[in-house]
Structures are given as C-alpha cells and as structure tokens.
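A, B, C and D label the chains in the order they appear, each numbered from 1.
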Amino acid sequence: MRLVTYKQLAEHNTSGSCWIAVGGTVYDVTQFIHTHPGGAKIILKEAGRDATSAFEAVHSLDLLPRFDETVKPVGTLDKSSERLDGNDNTTAEADAAALRRAGMPSLGSVLNSFDFEAIARQTMKPEAWAYYSSGAEDEITLRENHAAFHRIALKPRVLVNVSHIDTSTTFLKQTRVSLPVYITACALGKLGHPGGETVLTRAAGARNVVQMMPTLASCSLDDMLNARVDGQDTWFQLYVNADRNVTRDVVLKAEARGCKGLFVTVDAPQLGRREKDMRLKYQEDISDIIVKTGGDEEGTSTGQKKVNRAMGAARAISSFIDPSLSWKDIEWLQTVTRMPIVLKGVQTGADAVQAARLGLAGVVVSNHGGRQLDTCRSGIEILPEVVADLKRAGLHGKMEIYVDGGFRRGSDVFKAIALGATGVGIGRPSLYAMSTYGQEGVERLLDIFREELEMVMGLMGCTKISDITEDMVDASHLSTRVSLVRDMLHQTVYEPLQPPQFNRSSKL
Amino acid sequence: MRLVTYKQLAEHNTSGSCWIAVGGTVYDVTQFIHTHPGGAKIILKEAGRDATSAFEAVHSLDLLPRFDETVKPVGTLDKSSERLDGNDNTTAEADAAALRRAGMPSLGSVLNSFDFEAIARQTMKPEAWAYYSSGAEDEITLRENHAAFHRIALKPRVLVNVSHIDTSTTFLKQTRVSLPVYITACALGKLGHPGGETVLTRAAGARNVVQMMPTLASCSLDDMLNARVDGQDTWFQLYVNADRNVTRDVVLKAEARGCKGLFVTVDAPQLGRREKDMRLKYQEDISDIIVKTGGDEEGTSTGQKKVNRAMGAARAISSFIDPSLSWKDIEWLQTVTRMPIVLKGVQTGADAVQAARLGLAGVVVSNHGGRQLDTCRSGIEILPEVVADLKRAGLHGKMEIYVDGGFRRGSDVFKAIALGATGVGIGRPSLYAMSTYGQEGVERLLDIFREELEMVMGLMGCTKISDITEDMVDASHLSTRVSLVRDMLHQTVYEPLQPPQFNRSSKL
Amino acid sequence: MRLVTYKQLAEHNTSGSCWIAVGGTVYDVTQFIHTHPGGAKIILKEAGRDATSAFEAVHSLDLLPRFDETVKPVGTLDKSSERLDGNDNTTAEADAAALRRAGMPSLGSVLNSFDFEAIARQTMKPEAWAYYSSGAEDEITLRENHAAFHRIALKPRVLVNVSHIDTSTTFLKQTRVSLPVYITACALGKLGHPGGETVLTRAAGARNVVQMMPTLASCSLDDMLNARVDGQDTWFQLYVNADRNVTRDVVLKAEARGCKGLFVTVDAPQLGRREKDMRLKYQEDISDIIVKTGGDEEGTSTGQKKVNRAMGAARAISSFIDPSLSWKDIEWLQTVTRMPIVLKGVQTGADAVQAARLGLAGVVVSNHGGRQLDTCRSGIEILPEVVADLKRAGLHGKMEIYVDGGFRRGSDVFKAIALGATGVGIGRPSLYAMSTYGQEGVERLLDIFREELEMVMGLMGCTKISDITEDMVDASHLSTRVSLVRDMLHQTVYEPLQPPQFNRSSKL
Amino acid sequence: MRLVTYKQLAEHNTSGSCWIAVGGTVYDVTQFIHTHPGGAKIILKEAGRDATSAFEAVHSLDLLPRFDETVKPVGTLDKSSERLDGNDNTTAEADAAALRRAGMPSLGSVLNSFDFEAIARQTMKPEAWAYYSSGAEDEITLRENHAAFHRIALKPRVLVNVSHIDTSTTFLKQTRVSLPVYITACALGKLGHPGGETVLTRAAGARNVVQMMPTLASCSLDDMLNARVDGQDTWFQLYVNADRNVTRDVVLKAEARGCKGLFVTVDAPQLGRREKDMRLKYQEDISDIIVKTGGDEEGTSTGQKKVNRAMGAARAISSFIDPSLSWKDIEWLQTVTRMPIVLKGVQTGADAVQAARLGLAGVVVSNHGGRQLDTCRSGIEILPEVVADLKRAGLHGKMEIYVDGGFRRGSDVFKAIALGATGVGIGRPSLYAMSTYGQEGVERLLDIFREELEMVMGLMGCTKISDITEDMVDASHLSTRVSLVRDMLHQTVYEPLQPPQFNRSSKL
C-alpha cells in the first residue's frame, strides 16, 4: 500500500471525505460514519488524524477488518512525515477525568452494590455511563428488574445452627464456584476501564466465580483467556453471526481453549432502542458538519435521513447478530461443539420447555438487562412460570436454570435460588465496580455479594445452598402490576401534617 | 346589504354592541359572544375590527352561516373607507411565537412521540396547547389512558427468524395500510398549524396510513379531500347534527368524494368539562369590560351569570352535536350510505354486541381521549371485555374493533393487537408533531411508530400482524385499581439512605 | 347580681383569676379555661375584657348557661363605668383578613369544589381553617375518603337520547329535591362566616336542597329555622345529651317547627384526635402565663398536666355528647318523635341491618369526615357491604341509605347512587364555599354539583336518577389496599429520562 | 499490677500501640480496635487517655473483662503522676448537645409517638441517632413494619355504651398491666440518656407496664432491677452465650431477682447489616492513622482489610450471641429455669407451632425492628399466619402471642389484638422519648398509647380488651405487595392541574 503523510491524512477531515489512521494503516471511513453503531460524531472527532489510541480505548484491533465493505484501507501512515498541530486532545480528557474523580470515596466506604453505581455515575465519562446504564425506551423493565424483588418477602426459620455457612455450589455439573453468582457478558468493557474485560477475568479468578466472556468484548477473546489463573473455568457468550463459518470458528476456538459453557444469546435479533444513549449520541452539529462539507446523499428530508442512518447502523451490526437465528441453528450448534449449550434470554415457560426437549444444558431467564424490549417481565418474575412449565412437561431437573436482571443484593440471589435458579448473573454492578476501582473493586463487589448472601442464609436458617427452598419466600404478588394516576387537585389542596417545630431563634 | 365603513365598524367594539368583519361581511355578534364555545375574550379582542385573518386562523369560512340565530350580517365592509389605527397586533404575536421556538431542537433529535409533546408544550400558543392537551375534570382518565399500558407485560418468544418484518394490515376489509395505526379525528387543527388538517392528510398520504377527517375540522372537508394523493383512502368522522338533513348532506358528500368509512361519534352527547382549558379561557377582565360597557342583561349574581353562559355555549354547540342521538339514528344512517359504519366511542361490551347485532362494520373502543367523562376506563382496558362479550354472543369476528387513547409507543400498539384490535387511532401525538414540525413532523411520528412496532415485533418473535396473539401479553392486572394515601408523619420522620459522599473540597 | 366596673373586670386577666363579660354579664371562667374544647389560649386573650363580639363570632349566646359548673356568673357589667385602653384588637384582625383576601379570585373563576378549598386555605383565619380541614390522627381516612372514588371506574352506555336530564329525587319519601345531595351538619359555622349556618340555610333554600341543621351550630336552631324560605324542608342532626330531658326538648322543638328528619349521630361517643387542630391550639406561652400568674393546681409534671386538661375537655363536651348512647336510646327516641329517624355514622353492614330491624327510616354511611377514627373505611367503600347485608337479611329497600365523606365531584355522587345510595351529604365543600363567597358561593357550589352530575348522567346514558344502576360502575377493587415502601438507593442512583433540551442561548 | 503514669499512657496513642485507662486500670486494646462492634474510630479518639467517662457513657464497667482475649490489662493508672494537656473534649461535646437542643419544643407539644422521633432526630448525637434509627440494608422492612398497618382497615360498631373503657390486661397469666403494651429490649440505652435503661424501668413502674430488660443493656442487670418500684414485674431478654455456663448464671440470677419471663432472642444468629449506621462509623481518616503509625498487618488490599475487620467484629460479638443456637438449647433452658420461656423473633407459623409443641409460654412475632433481615415480613403481617397454623395444629390458646415492629399508634395496638396478639412491644418510640425528655417523656409516651387506645376502643364499640375481635378489622389485603416504576417521559410532559391563582400584586 502507498504511504500517506500526516498532511494528506489531515486533508480528509470531513464527513464528505473522512480518513483515519489506526494501527499504522490509513482507512477511508466516509461510508462507515453513518452506520457506526456508536454514532457518527465520535468518528468525525478523529477525522484526518491518527485515531489509534481513541480506537483502542474501545475496540480490539482485530475488529476493523470485519467491516470490509464500508471501511477501506487507503495506505500506510508515513510516520516520518511532518505532524500537524491540534492532533491531540488526550490531555484535556485526562483533566476532565481527574476532575470527575476528585474526592472520590475510598473503596472501604462502599457498603453495597448501589454504592459502586452511585460513584460510577459521577466519575465515568458521560458517554460510557450512558452506554452502560441505559435501557430500552421508557426503561420500565430496566427498573422493574430490581423493583420486582420487593414483591417477594422472605420467611425466615429460626433456631437452626448456622455456625458454618457454605455459599458454594456447582454450575453446569462441573464447575465448583464460591457462590451462586457469575459475571455475565456485557459489551465494550474498555469504555469503563482501560483493561476492559480482562479486569473482570482476573477478579473472577481471584474470587472463584465464573465469567461469561462476551462476543462483543472490547478485548480479544485471547486476551481474556490469557488473563485466567490456573484452573479457572469460564464460559463463552455467543452472538451467532450471519456467516455461520465465522460462528463455527469462534465456537471451536472457545472450546479448544477450554471454555466450559456456550451461552447463545437468543433475545437480541435486533438492537433495542436505548434512548438515553441515543439522546447523548445525537448532536445537532453533525448535520451542520455534513451540510457544510457538502456530504449526505441520502434522501432529502431530515426525518428520512435519520431513518436511513438507523437502518445503516442496523445493517452494520447485523454482520455480528443474525436476526434469522432460529431453533434449527441451535440444533446445528449441538453438532459443532461438545460444550454444554445454554440459551441466554428465554422469557417464557414454553421456550424453556422447548430448550429442555432439545436436551440443552440450560437456559438463562433474562430480558437482557432491560436493554431490548421495554415492558416485558423481569427475569425473577418469569422464573416461577419456567419452573411450573418444566414440571408440567416432566422436564424439571433435566436442565439448569440461570437468571439475571436487577440483582443488587444477596437477598435477591437467595430469592432466585428459592424460586428454582441454579445461578444468578451479575452485569452492570460488575461494570460499575470495574469502572470505579478496577479489579479490586470487582473483587470487593463479589465479596459484598458473598457477605450478604452468607448473612441472609444465616438469618434464614440455611447453612448450604441446597437448604434454600421455595416455601421460604412469599412470591404470591410477584405478578401484581399497578400504576398510579395522582389525584392532583385533591393533593394540591391538602395540607400535610407536620411534627412540632423548633424555635431556633430562641437564645441559648 | 349596506356598506359599512371602518369607522362605523370601530364604533361597535364593546360587549354591549360588538361587530366584526369576516371575509368582507360585517356581522353583529353581540349575542354570540357569550355562547362562543371558545370563550368571549377571544372575540372581544377583535371587536370593531376586520377579524378575517384571526377567524381563518382557526375556522373555515363556511362555518359562520351556521350560527344564523346569534350571528347577524349587518352589511358589507367598505374597504375603500379610511382605516383606523391599532387594527393589527399580528407582529406582536409573531414575535412571541418566534421567542417560544427559539433554540427549538431539530427534528432529528426527536426520538419518540413524547418528545413532540415536550416540544409542543414549550412552543405552542398557550391557548392552543391548553385546548389540545386538556382532559375532563381531574384528568384521571386522560393519564390512565397511557398508564394502563404499564399493567400489561409482554411475553416474548425467542428463536424465530425475524429477518423480514411486515407491519402492514387491512382496515375495513378494503384498505391496505402500512401499519395498524390511523390518524384519528381531532377538532381545530389550525390552532396548531396554519395548514390545519390538510397537513395530516398529506402526511397520511406520504406514509400510507388512513386519516379520519373530523366534522369539526378547521379546514373544510373539500380542502382535506383535495389534499389526498392518488389512491389514498380516508375516513369521515361524523357528529350527527340536530338537523338530520345537514347530516344526510355531509354523509352523502363524503361518500361521493370517496371516503371509505363513516365513523359516528357516540360518546359526546354533550361536551366534557376540560377545566385546564376553561381556566385559561376565563379572564377576570371580561366581566370588567362587560360592566364598563353597560352590557350583560343575564341574571344578577355572578354565579348565575356563569351558569347561563355555560348553558349558552352548550346551546351553541348543540346545533352540531345532537344529545338525542340514539340507536334509531344509526339504523337511519344505514339507509343513507353504503359506507361501512363504525361507532366511535363505545365503552362497554354490551354496546359493542348491540353494534354487531345491527350489522355495523366496527366499533372504536374509546373514551374520547379522556376529554369527556373522567374516571371512566381506558380503551385498552375495555378491549378484553368487548372481545369476551362478542365471543359470548357468537359475534366475534363479525365486526372490526378499533381502539384509541394514550397510545405513545409501538409496544402499546402491539398490546392492542394482541388483545384483539384491528387498528389503533393516534390523536394528540399527531397534533403535537404537526404543531411543531408540520408535515415532516407527522411523517416522522408515523415512522417512529413503524420503527418501534417493527422492533417490538422482531423481539416478540412476530413477522406479521397476524402472528400477534393474546398469549403474548399478561393483562391479568389490567383492571387492578389502587390509590395511595401517604403516611405523612412516618415518612417525614424517616431519614432516607444515601450513597457515599464525595469530598469535593479536596485538592486535585 | 352586683354591678362590675370595667376596671374591676380588668383586674381578673390571668389564668389564676379569669373573668370575661359576655352579653352584659360578667363570668368567672377560671376553672373553665383548661376544659374549653377550643383551647385555653383563645379565652385568655379575652381575659378581663368584654368578650361579647369574640364570643358571638363563634357561639350562640344561649350556649353559656349550659356550662353552669365551671362558668360562674359574677355580676352585671357596668357599662357606664370608665373603659380602659387596649380592649380592642378588632382592627388588627380585620387588617389581617383583608390581607389574606387581597387579590382573591372572582367567584366566576371557581370551576369545581376543590377551588373553593384552595381559596379557603389562603383566605380563612388559620384557626378556622385548621378546625374545618383537620382529620383524625394521621388523616389517612380523611384523604382515603376521596381517594376511594378513584378505585371505582365508570362504564358509560352510548346512544341513549339524553336531551332532557332530570337530577331531582325524593328524600325520606316526602321531600322532592333538585339533586341527590344535601348539606350535612358541621359545627361552628361562624368560624368561617359571620352569618354562620344561616348562610347554608338560605343557599339550600335557593337551590332546593336539604340542609341538615347541627346540634353544635354556632347559630341557634331558631335562627336557622327562621332563615328558611316557604316550603323549604330541613333535617335536624342530634347529639344525644347526657340529660335526656334536654334531648327530648330539642327534638320536640325541631319537630314542632317542621323539621322533616332526625339524624342521630352515633359515631362520636368521644371526640377524635385532630392533631393538626391540636397543634395550632397548643401554645408554649400558655404555660408561661399560667406559671407567671401562680395558677395551675393540677399535678406536677407537664405531661400529667396535659392529660388532665385533655380529660377536662372531654368532660366539658360530654354534657353535649353522651358516650353511653346505645340501641335502647334509639328505641326511646322512636317514642319521642314521629320524625323519621336516621342513624348518622353507621360503618358496617351489621349495624345497618340492626337499624332496619328497628324500623328506622335510614342510615348515613359515614366516618364523620375522617375526623373521628383514623384508618377506618370510607363511606363509599362501606356502601356495598351495607347493601349486601341488607339484601341477605331481606331488608333491602325497607330503609334509605345515605352516605357522606370525600364527595367533591358529580361523578362521586353518581358512583354512590349506582352503589345503592339515595343521597349524598356534602360537608367541608359547603363550609369552604360559605367561608369564601358566602351564600352566593354555596349556591355556586350546588350549581357545580348539579352541572357536573347532569353532565355525567348525560355521558353515562342516564336521563333520571332511577336510570343509574350498579352495573354502570366497576367497583371490584374498591377494597384493595396497598402501601408503598420506596427502594431508596435504587431510586437514588437511577438517572431519569429527559425530553430533548432547547438551546435557549441561541440567538433569535 | 505495675503503676502506669499519664505520660506512659500517652505514649501508646496510635493504632500500632493503643492503650486506654478505664476505671483505674490501663488496658492494651491494640488488637481489639479492629474488632470493636462500635467501630475503631471511637476507640482511637481515646487512645493514650483515661477513657472512663467515655466508656461509662455507653457501657457498664462489668463489660470489659469479657473481652479477655483482645483486651489486656497492662497496669494500674498512677493518678498521682503528672497529667498532660488535651485530655478533655467534654466541653465541646456539651456545647454541641446544647446547640442541638436549643429551642426544643416543650413536652406538652408532643401529640403522638412520631413527634418524639422527629425531635430525637434533631437533638440526639448523630452516632446515637444512627444506631437507634437504622435498619437492615435498604430498610424496606424497617418501613414496611409501619406501612403494613395501613393495609388493615377498622370496622367500628356503633351504639355501644362506652362510658367506661378498661385497657388493662394480663400478660403470661400472672402480670396485670395497665395496657397491652410493653417496653421491649433494646441495646445501648446510655447512647440516648445518661441514665440508660433504668430510665425505662422507672417509667414502666410509674405507668404499670412491663419492661423487657436486655442482655446488651448499657446498665448492669442489677442497676435495672434496683430501679423497680414495689411489685413491679419485669422480663429478661436473653442472648444465649457461646459459653452456656455464662447463660445459666445470668438466667438463674434473673429468676432469683424476680424476673417473670425469659424472652430468648432467636432471630439474631448474626448481626444484620445496618448500613446507615455503618456509613457513619466508617471514616476515611482511620486508614490514614493506621498507615501513618505503621500498623495494620492484615492483608494487603483495602477491600481485603475491610473484610477481615468485619469478620473480626463478628467474632467479637459472637462471644455474646451464639450462631449455633437451636431447638435443643431451648429444651435445655427449660431444665434451667422455671420462668415462662418465650421465643422472641419467630417469623413463621411453622416455628410458632414448634414452640407450642415444646410447651413454651409464648412467642414474639418480630423481625427485630427491621434491623436484621431486609425484605422479610412485618410482625403484624405474620400474625394471621401464626394464628391460623396454631389453630390447624390444635394448639391455639395454648400459648400467648406477642408482636412488635412499627407500632406507633393506639390503633396499631388495637389491630394486633384483633388479629390475635396478647401484647405489643414498643422499641424505638421508648428510646426516642427517653432520649428527648427522659423518664417524663417515656411516661408521656405510654400515656399517649393509652389515650389513643382508649379512644379507638371507644370509637370501635369496645369497653375491654376481650371485646376486641377479628371481625372488627379488614386485613384481606395485608399481604398485597406492590412496587411502582414511574412512567418518566409521560409524567414529565404532563402539565398538572392548578387551582385558580391569586393576583397578589393587586392593591388593597
């Protein structure tokens, strides 16, 4: 490939003609900017520049070649050519990050998983916070995921000797873990911490829990696997690619390198609308830039343009996530690998029964952290339906049931076990702990879950996981759904009661 | 008629004697001002002036002759006579409008139907906003219309090939539409946009959805029909007039000009109390003007006066809306037209069964956008009762069921289809989109509904409208009604939990 | 009796020796001040003065002799003796009242019954507002009284000819009234308006509704009866006195002067704790005054003193309200009068059945406006139990059922009729209307109730009261009781969704 | 033991080597500071000083010898040696306390139990308030304890002679008490009042109610017992010690000195997480001190350190509270004492049945004031299950049922009696009354409960405790659990209704 000087690179700095250099290669990404799932703005900020560090802050370098249709190599960056000014805003970003973290509480002051979230909200880069924290549309399900736990009451038994409490259990009949909790797969770990998903791998190893490694990680699979300690079991989460050969390759690689479970995501045939994230990504000035630089051949009306862009982004992502995925593909996967296969994202008893009929190893009852379909039920609410339908079909016990969504307390984990789960996935809390205090934070998070679960077990009269039974919870109102419409005038005219007032003006 | 000079016109500028000129004719509206449904104030502002532009901003010119009892032609305006000062406050109003729209977000930043409403609230003329947004009395039903959707949970199926999703469907067995949504009839479109209802007609044409054209439009029926594109199907909404000949004429005209459905409003024998709107219309200074100018012969006490005025307004409107409307009239309408007849505003299973027995084409389950009777049920809540009663009567499937009220999301539309609806009417969102961004806004609104519905269908495992079934939703708590009375003292003395605090005074 | 000069009167101006003059007589009220139901402070403000106008502002002059044990006549005020300064703070109070009413909205702007309450809250004397507005303890029932209506949904029927709507009905088989609403008995009307209860009498007469005249009125029964117009029917509310002869006399007088119903209050064997009112009445400086003047022989500890005082007040009131009242007394009353007897304050089906068995004319299902027992049920919630129990006992229809508590809308009245009530009592709204706009206000309030009820009836498809049936409401969740405990940490860390923001700094 | 001078004492003032003097003896507490249940900070403040007064402010002097493993006597304080400066901050603390109490309302203005809490929150030392007021984790159960009462409605009977109301009853078949309420056991009374638990003893004696004396009192058992008046019955609350001999001794002593009941706490095999309290105890600067002084041999990462510390605290407390406590121990206790044995902290019907089968005298249905296990049920909710299970087992009436948690009103007590309780325990309200107004405050609190209960009984138609029956309450929704997820966008765009506005700028 031909050499490209810094000066030549800098000439293509508009949406009409946009070049960037990554890893020594210069790419023409003019077509790609409108289909970038992360938004056009973030690329245009790097237009005409060496974007290697910005790129690596989020992605693995092996990602770029996959976009061969819209990301075209132009040449090799001539690093000996004269550099131009204004190529670097790293210092300003570092200053902003330091400002956000000023006076940050010490890890010792973190008492529960909510504390990590509260600190992450203040210290994370707003774009990263928005990506992690947002849910689909009105975020009803996002919040219901946790709220549902408060419709389940604990019924503790007393006078049981609980001197020794053992929170350990076995996952997929082979992996002994220190507690019935695993770190579930989340995309783009580098948004929160430069070490990305390997931070989670190391913390999981230190605390003997399982990490589920994501297809859309910002670290490469090899990086994550290399971060394991001796004897550390991990799982692999799979988005089935439109090109089944790509899928076969990655599955075989995961199996070869020792992954102990294949978790196939089945609840994301397309991306949900995460509007809080979309709101932040959308920038008025993008259209200005586009107009100014003469670009944008798509449609004529603004509304139309947006549609096309959204469709473009969907196309871009669809090379990773295939909307045609169906039960046939699961049967095909069974021929590809001997890893236990678990469906991630089952939301009805009927689909769980179908999974059990296929002889799968398990299902994860999950709504994808409330990021896909709003107003669907929380995982914990679906759990009793899954158990009941499996029992009705004579398939209960043939398959393990995992669940995720909204778990924040040891008591939440206890409730899931009581309602029939083998294990519980933790997503956002691990990202927040990682983003605020790194590996040490994630370890502390897992310690908190263990401490809380131990305490709950002790107070419930349980000394081991198998002691936890369904009659220890009252879930009779788990599916009770109410909404409130305030009686405005009546409330406005009502004068609230007050406690007696101090006469603070009196002299001492 | 005799010629009236500007000077003569200006002499009748009080509530004691009030003339206005509209379309070249001078009218004495002294009697009418107290019965004007839009309030006296808005007329008195134009007293003694050429009010043509103010009138056309809201009404069609063919409206005035219908008020022959209280609006009396006096003569023809002599446009060659000398004009007087102070006849024009158009500039001030335009300035106020510009101020409200300053810095308005671009259409591209609108992510959902609520966004149109949020922007409309800030940019619309307060009187127009109040008229569109207000509901009956305490607005319990207005808000319950949307809140009810949150008592319905989605139960998605996985591993269905959803590569191709088709949101199109057929309305009234003849009209193929791009999605199961239509623009329902709302009065006074010009309050929000100078183009009035024709803006909606054009957007509906561009997106291949049906518009239901209102009797009380501020554009004439001809204007709306002329705005259609080739092959565009529309419906006509009918308020039955006390004079059945007027009704017969308009129905025959609608049919002759190709309307494909006659939607007879049956839930508005009288106007509901929209107090937010009333609050704004009422102005202390009106009574001052009246007293000052010696007018007001009605009653003696202020309370009494208001009653009479309210009754007057009811009388004025009753020439358009007949409170005696009954089932006999529906049978008569069946003899008048061959258009399919649909009852708009049915709220019980019993009335739906009666409609089916008469052989009507359908019903719209609706509470008139919460503008008529407060604390009645939302359309979506009534839907299961209607389906159940029709099944019980052996009439299910003989008639189509439409529903409106509070629809704001594609998932709301999905839920209605799952519970048995053929289509869903959108009212206020189309007005807000029209009032903020005109035709382009309405098209964008329809695109949002389509995008959201496509996404929901994909995530639910449905590729076409007929895939949507009742078992995909949990509506078991749809009729659960709760209210809360806060335990004030207990809540006042409780000290809430807090996350750890940052020490922001620490040095960097 | 001996003559007492202004100077002698003024010497007894402390809690140790407290004289006041009322109607020309000087009383020693030293013992009474601690048992005054309205609190000691209000009397001590008048100590050593001619308190006639202050007294008449709240009470009828025939009240004083009833307190013969603790209120002792000392002599006759010598009005020819020299007056002292500082006897008059009327001007200051009038100024304060004028300040509160400054800019008060005109009656025409009052759209509903809540508006009267909102205006009363700002314009009434704080003590009067506290007395009228307060409820028992946490005021749960006070607010539940209205909140309960929102758990009842209306189910309107369509296509009924509602050109003519008649809201009139018959009470106690003899009185034709313009609407199924009456003004119920409330104590101390002069607190809100100098005309006291006669204002209500006149408004009731003007609008042809029934007023229930209270035993504890601040006007005399004669004053109220004299305020009637020709043919105006009224009822009498009775607190049974410990001295049954007193009761017999007042009942016979009421009957003789034409009262058409005797409503015996049965839910107030003792006074409820209205803490908002108590809070206001309690004043630190009272104890100071007492200590300073050497008085207060009761107990030694402050706590003990308060108890005794409270018991004293209970004793004082018990000469009017007898806690020993029982079913035997009702049977005795049946021998005393031929007026129809109605029990006011029944709260269970069982007691309603007992009343029907005794052959009484009716019951008022009521919790005394939430002023007696907190966390009891609202009248509207009890109504279905009463109807069901009467039906079960074969006594339904033998007795009329009235209901009060929280009625603020015509739709509330409609719901009560649908659930079996003959009529509905209005309490606080009539006091607020009276206190703000006098007779005209009360008439407007009744007009609003009529207008709203007419509108609801029209929209429900009812042309007369007897058209209103039980199947027109959904009350299936009327007894559903929920409470909420907020998930504080989860809610604190959640970042709410926002609509798009305006860029208000942009230039026009 | 050797003599230690003030100078020598002062040299050991760091976490690396920490001595304190208490009661004339100098102890080396270097090992103890990390396991102190009350936190390290509070000890380090006294390092190198005579901490006698600080110690006695919270603990009884007989406490120290129990920690013989980690608290080592070093010698005797040589009080004749030269004192050093800076030994005293008592004045500053007294000033702060005076400031908090400035303008404090008089006891007479306290109308209900919430008022004590409101005043305590403002006047107590923050550490003491946090210890008393905090509950486990999210404090859901803490608040639900009171909220549950609002899901029970009262159903009053009328026309019962209630001239004489008797609130007295009998506890454990032997103690006649003035009302069905007792003061339950709470730890560390001296935090709120220098007199500690003896203040409660005296108030209980004055009002003839039972006090349950706590194992973890800050006064000695002897001090409490000596504070009794003649004939005053009290109970003893027992934490079973890991050393059963210690337990035997204290039980025999309690019995010998006349305690009339042994209440064995069974719901606290380990301490709950009271995070509000933990938040306050944690101080950043502790780790600073430790680091600076070279101490802290535990682990290396901060997270690890905290874990060990927490485990240390658990170890420290476990010499008082044995997690191995089981049903066998209860049978053993039956052989040790003839006092009636009651299990405190039963939360299921099943465990109550087991207690009855053992022939115990009773159970206290309790969740430990919401301080142990969050999201468990309130005592009042569990009560009906306990009664039903006992009836089913044929054991109802064989055993008394007590209940505590969230009782704040006389009506709460009434509801518990109606649902089957013999008596009700009051915890925090007695601490708040004690901490604000001392003995007089606690007496007033008991008076308020009695006054409220009398009033409720009168209004319910009950003259004695045995008149209170189950059909007088509607508890059908006691176990209905709901949670709300707000529909943010919809609520944000909604414009609330407003009452008419005053024109306050108008002239008078």
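Criterion: a residue touches a chain if its C-beta (ideal position, glycine included) is under 8 Å from a C-beta of that chain, and two chains touch if they have at least 3 such contacts.
Predicted model, so just to flag it, every value in this text is computed and none were measured.
Fitting chain B to chain C on Cα positions gives a rotation angle of 90°, stated in steps of 5. At the interface between chain C and chain D, under half of the residue numbers appear on both sides, which makes the contact a different-residue one. With each centre defined as the average position of its C-alpha atoms, the distance from chain A to chain B rounds to 42 Å. Averaged C-alpha coordinates give centres for chain A and chain C that are 59 Å from one another.
Counting only residues that touch two or more partner chains, chain A has 105, 109, 111-112, 114, 118, 138-140, 143, 147, 150, 275, 279, 284, 480, 482-485, 487-490, 492-493, 497-500, 503.
Across the complex, chain C meets chain A through its residues 112, 114, 117-118, 121, 133, 138-139, 143, 146-147, 150, 275-276, 279, 284, 408, 482, 485, 487, 489-490, 492-495, 497-498, 500, 503. Residues 98-99, 102-105, 109-111, 114-115, 118-119, 122, 137-138, 140, 266-267, 269-270, 272-273, 275, 278-279, 282, 284, 287, 301-303, 305-307, 310, 323-327, 329-330, 343, 345-348, 350-351, 372-377, 381, 479-485, 487-490, 496-499 of chain C touch chain D in their complex. For chain B in complex with chain A, the touching residues are 105-109, 111-112, 138-140, 143-144, 147-163, 409, 411, 440-441, 443-444, 447, 451-452, 455-456, 458-460, 474, 476-477, 480, 482-484, 488-489, 492-493, 499-506, 508.
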